[in-house]
Each structure stands twice: as structure tokens, then as C-alpha cells.
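To keep things simple, chains are lettered A, B, C, D, E and F as they appear, and every chain counts its residues starting from 1.
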Amino acid sequence: MDFSNFSSAEQAHMTKIIEKKQMQDFLRMYSNLVEKCFNTCCNDFTSKALSTKEDLCIMNCTEKFIKHSERIGARFAELNAGSFASRCRA
Amino acid sequence: MSFLGRGGNAPSGVNAEKIDMAITELDTVTDFFNRMVSSCHAKCISARYAEPDLNKGESVCIDRCVAKFNEVQKKVGEKLQNRGATNAGGTASTFGSL
Amino acid sequence: MDFSNFSSAEQAHMTKIIEKKQMQDFLRMYSNLVEKCFNTCCNDFTSKALSTKEDLCIMNCTEKFIKHSERIGARFAELNAGSFASRCRA
Amino acid sequence: MSFLGRGGNAPSGVNAEKIDMAITELDTVTDFFNRMVSSCHAKCISARYAEPDLNKGESVCIDRCVAKFNEVQKKVGEKLQNRGATNAGGTASTFGSL
Amino acid sequence: MDFSNFSSAEQAHMTKIIEKKQMQDFLRMYSNLVEKCFNTCCNDFTSKALSTKEDLCIMNCTEKFIKHSERIGARFAELNAGSFASRCRA
Amino acid sequence: MSFLGRGGNAPSGVNAEKIDMAITELDTVTDFFNRMVSSCHAKCISARYAEPDLNKGESVCIDRCVAKFNEVQKKVGEKLQNRGATNAGGTASTFGSL
């Protein structure tokens, strides 16, 4: 993303849009995480409460997914260092 | 001021920020609901479709599924809050340092 | 959803937005239902017409999905009676 | 008046309601088309990818798949209309009594 | 889509919206294609480079998907010739 | 002029077209990123969830997966450009001859 040709008014406007999108991304990541971990960890519907085993699975699934996303984000940033990502930081 | 035009051409006397926040909340609840419908359908409904009604087993399964999905939502939400993991989703964060 | 601090102009605006979203939700539910029931019920492509068996499957799939959604909606409303859902009705 | 800002900053002489309805129709048709592409790909296209062209069997399968998907769309649509099941989708309905 | 009752200003506005949507559709098709072909063709992560076999699979998958979409588009247009598609061309 | 209202009620001094293009680029990168996260999760992460940390094998797999996904993105992009296949996606194209 090359914002170097943006006026300061345009940069300010874009910053607000990005902040809004970050919140929307976070909320979608949250519901996506709930769906993924629920689908993987919950397979027993003889009870409506989470079993100890399911609970542990959910916690590990959540933690691991976040670490996974962070690692992808780091690699992705490196890979794109020569293209838009670098221009963005300029 | 409204971002993304979501508040629309808000008539006078309408706070577009407030409307935007309400829309975000509504969209979030709807997204959770739709994923719950989809997940519980996969967990509880037999794919044979021999009859049009939910049988006893399916009905009980749905009720428990909703309770469990809701509990998972809370657990994951608490985990995310404790971790302050606002930076794990999407790439918008990559461009935050505009 | 707490609309108690909304002015009447804001409530009117929000009502229109909700009506619009209900229509969009309905259309997405419709296409989602077509996709799901088609994928489950149609597996024979030696003919372009629906077989009697496929037709019955589609009808049952549709009816059952609606009942499923309604049941989830009822449970979901009960569960959230203590949080935003109740505030909404206030 | 345009909701959700979808009609954009409509220039004068443009009925934003009419534009919004056209956009909704366009989005609906596009959504059906994309689901049809995805479903028929899963039903008809071999995952081996040994060659770049559709073979005879795949081509015939696609034609029948489109016809069947379209028939299912009509059947489901009629069923929904008969049932008046406007309240089965999403949670927006939950908040309708604002 | 019946645009016959659209004023020329409305038709011009709608044309711009459709152009915008075509670009968005294309971009979504692109990322969808990358995801689908990657998921089908790439199963060996002992190396970070695409193997000759994976590369061929990706090329065939892409080409076949485009031909598939084009065929669906042609059949879809024929089927709808009696409904909105025809009104659109009027 | 801004279409779809995405540039919002742009304040004066802001070129809404330019903002719209930046939003499209941001949305596109975000979409690719999310699909990469999802695909590499399916390819690399064991579904047992016995521990909360990425093990060595998973970490190495993720790094290679990102590189491969990126290469596939480039290959497919080149293919689409050579083919000029702008008309293969969605149905908006069907209505292009307004």
C-alpha cells in the first residue's frame, strides 16, 4: 500500500478506516476461532456442559491458533517486504 | 463522522457513530448465530432426510449444542481478552502504522 | 443491543437498517439452504431432472433446516435473555 | 433515502432506493452463481488435474448440474414462500421489535 | 434485472456500480482460485518451493476452473434467458 | 465520486476515488491473508490439541506453507493476466451490457 501520495487529510481519513477494519477483522477472527475450535473439540452431546477434556482442547486450540496466525503474519510481512508492505512503511 | 458510509446518509439528529456501533454489534451477533446454526446442523442433523421433522434425538442435541457453543464463545472471548490478542486477525494491523 | 439511549430519530433510522438487514439475512439463508440441500441430496448426474428421491430429500432438507434454525433461534434468545437481548426489548 | 450508504453519494436525478434494490438483486444473483460454481465443481471436476481441459464427462456433468441446481433453487424458493419463513434467517429478526 | 424504468442518470450510476462489482468479483474469484488449487495440489511441506508436479497441477487446476466457470456462466445465461437476464438485455 | 459509499462521507480535501482504491487493495490483501491462515492451519496443525504451543514440525510447516501459498498466488495471478480472464468471476459480468 503506497500512501506516500496521500495528502494529510487523506492519511487521516485512511487511518480511521483502517482502525475500523481492524476491529471488524478482530471480531471475524473471534467468531471464526469459536467455530473452528468448537467443531474440532466438541463431539459429545450427551451433556450441555463442556467436559474437562473439551475445555482443555478449546484452550489449546485457541492459544495455538493465535500463535499460528502470528507466525503467518510475521512470514507474510517478510515475504512482502519487497512489495506493498515496504512501501507502506516508507 | 461516519466511516465506510455504513451509517448512510444519516438524517439530521442522528449520530452516525452511534449507528455504526449498533450495526457492528448487530453484524457480530448475526455472524455468531449463523455459525452456530451451521455447526449445530453438522453435529446434530442426520444427512439422510427421511422425514421433514426434527426427531427427539436431534432436538435434544440442538439444545445442548447451543449451550455448548455459547460456552465456547465465552471461553474463547475471555482467552482473547486476557491475551490482548487484538493483533492476531487479518492484515489490517500490518498497515496500522500508516 | 441497548437502544434506550437512542433518540427517536436514531431509533427510526436503526429500524430501517434492521429491516434492510433482515431482507439480506433472508436472501443469504435462502442461497445457503439451496447449496446445503443440493450438496446433500443431489449425487446423480446421469440426468438433468431431479429424481423423485432427490425431490423428497430436498423438501425434507428444507423443512428440517427451517425447524432447526427456529429451534436454535429460540434457545439463543433464552440464553441471551440476561444480556443484550433483554436490553433490546427494554 | 438510502440505507447502509449502498447507493453511495447518489448524484441528483438518481433514486437511491431504486439503486439499492438493483444492487440487492445483483448481489443475490451473484451469490447464487458463485455457490453453483462451487457446488458443481465439487460434484463434477476430478481433483487429479492431469490435464487443463474439461473432458466430455465433466462437461456433460456441468450442464446437468446447472439444471439441477436451478431446479433446487426454485423448489426451495417455493417452499420458503409457502411457509412465509422470513423469520428463519439470521438474528436481525430477533431485534426487529426495536 | 429490469433497467428499462431507469433514467439515464440512474443507468449511468448503475453502470459504475456494476464496473466496481466486476472488479471485486474478479478479485474474490482470484483468491478463491488460489485457495482451492493450493488446497488440492500442495500436500508436501518438506520443501518451500513448488515441485514440478505441484506446479503442473496448479496450472491445470487454474485453467480448468476458468473453463468450468465459463461453461456454468453460459448455461446459467441460457436458463435465465426467460427471466431477469432477458429483461436486463432489453 | 465514490461508489458504494465506501469512501464514506469523505471530508473536503479527500479524494474518495483514491480512498476507495486503497480500501479495495486492503480488502484484497486481507482476504488472501485470511485464506492463507485457514489453508496452512488445515495443512500444518494437528487437530489433537494436546498442547498450546506450536511444535517444531508445525512451525517449519507453517513457514514453508506461507512460501508455497505465496508462490501459488503469483502463478495463478500470471495465468489470469495472460488469459485476460476478467470475465470468469461472478455474474456482474452478465449484466455489464446495461
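The definition used in the following text is that a contact is a pair of C-beta atoms (placed from the backbone, for glycine too) under 8 Å apart; a residue touches a chain by one contact, two chains touch by 3 or more.
Going by UniProt, the chains are A, B, C, D, E, F = Mitochondrial import inner membrane translocase subunit.
In this text the structure is predicted, and so the values were computed from the model without any measurement.
Each step here moves to a touching chain, and the least such steps from chain D to chain E number 1.
Comparing the chain pairs E-F and B-C, the larger number of C-beta pairs in contact belongs to E-F.
In this assembly, the C-alpha centroid of chain A lies 27 Å from the C-alpha centroid of chain E. Chain C and chain D, compared by their mean Cα positions, are separated by 15 Å.
If each chain is reduced to the centroid of its CA atoms, chain B and chain D end up 21 Å from each other. Between the CA-based centres of chain A and chain F the separation comes to 13 Å, rounded to the whole angstrom. Touching two or more other chains at once are residues 1, 3, 14, 17-18, 21, 25, 41, 59, 63, 65, 69, 73, 76 of chain A. Contact with two or more other chains is made by residues 1-5, 8-9, 11, 26, 29-30, 33, 44, 63, 67, 90-92, 94-95 of chain D. Of all residues in chain C, only 1, 3, 11, 14-31, 33-35, 37-39, 41-43, 45-50, 54-55, 58-59, 62-63, 65-66, 69-70, 73, 76-77, 85, 88-89 touch chain D in the complex they form. Within the complex formed with chain A, the residues of chain F that make contact are 8, 10-15, 18-19, 22-23, 25-26, 29-30, 33, 36-37, 40-41, 44-45, 47, 49-54, 58-59, 62-63, 66-67, 70.
The touching residues of chain B, when paired with chain A in their complex, are 1, 3-4, 20, 24, 27-28, 31-32, 35, 38-39, 42-44, 60-61, 63-65, 67-69, 71-73, 75-77, 79-80, 83, 85-98.
Residues of chain A that touch chain F in their complex: 1, 3, 6-7, 9-10, 13-14, 17-18, 21, 25, 36, 40-41, 56-57, 59-61, 63-65, 67-69, 71-73, 75-76, 79, 84.
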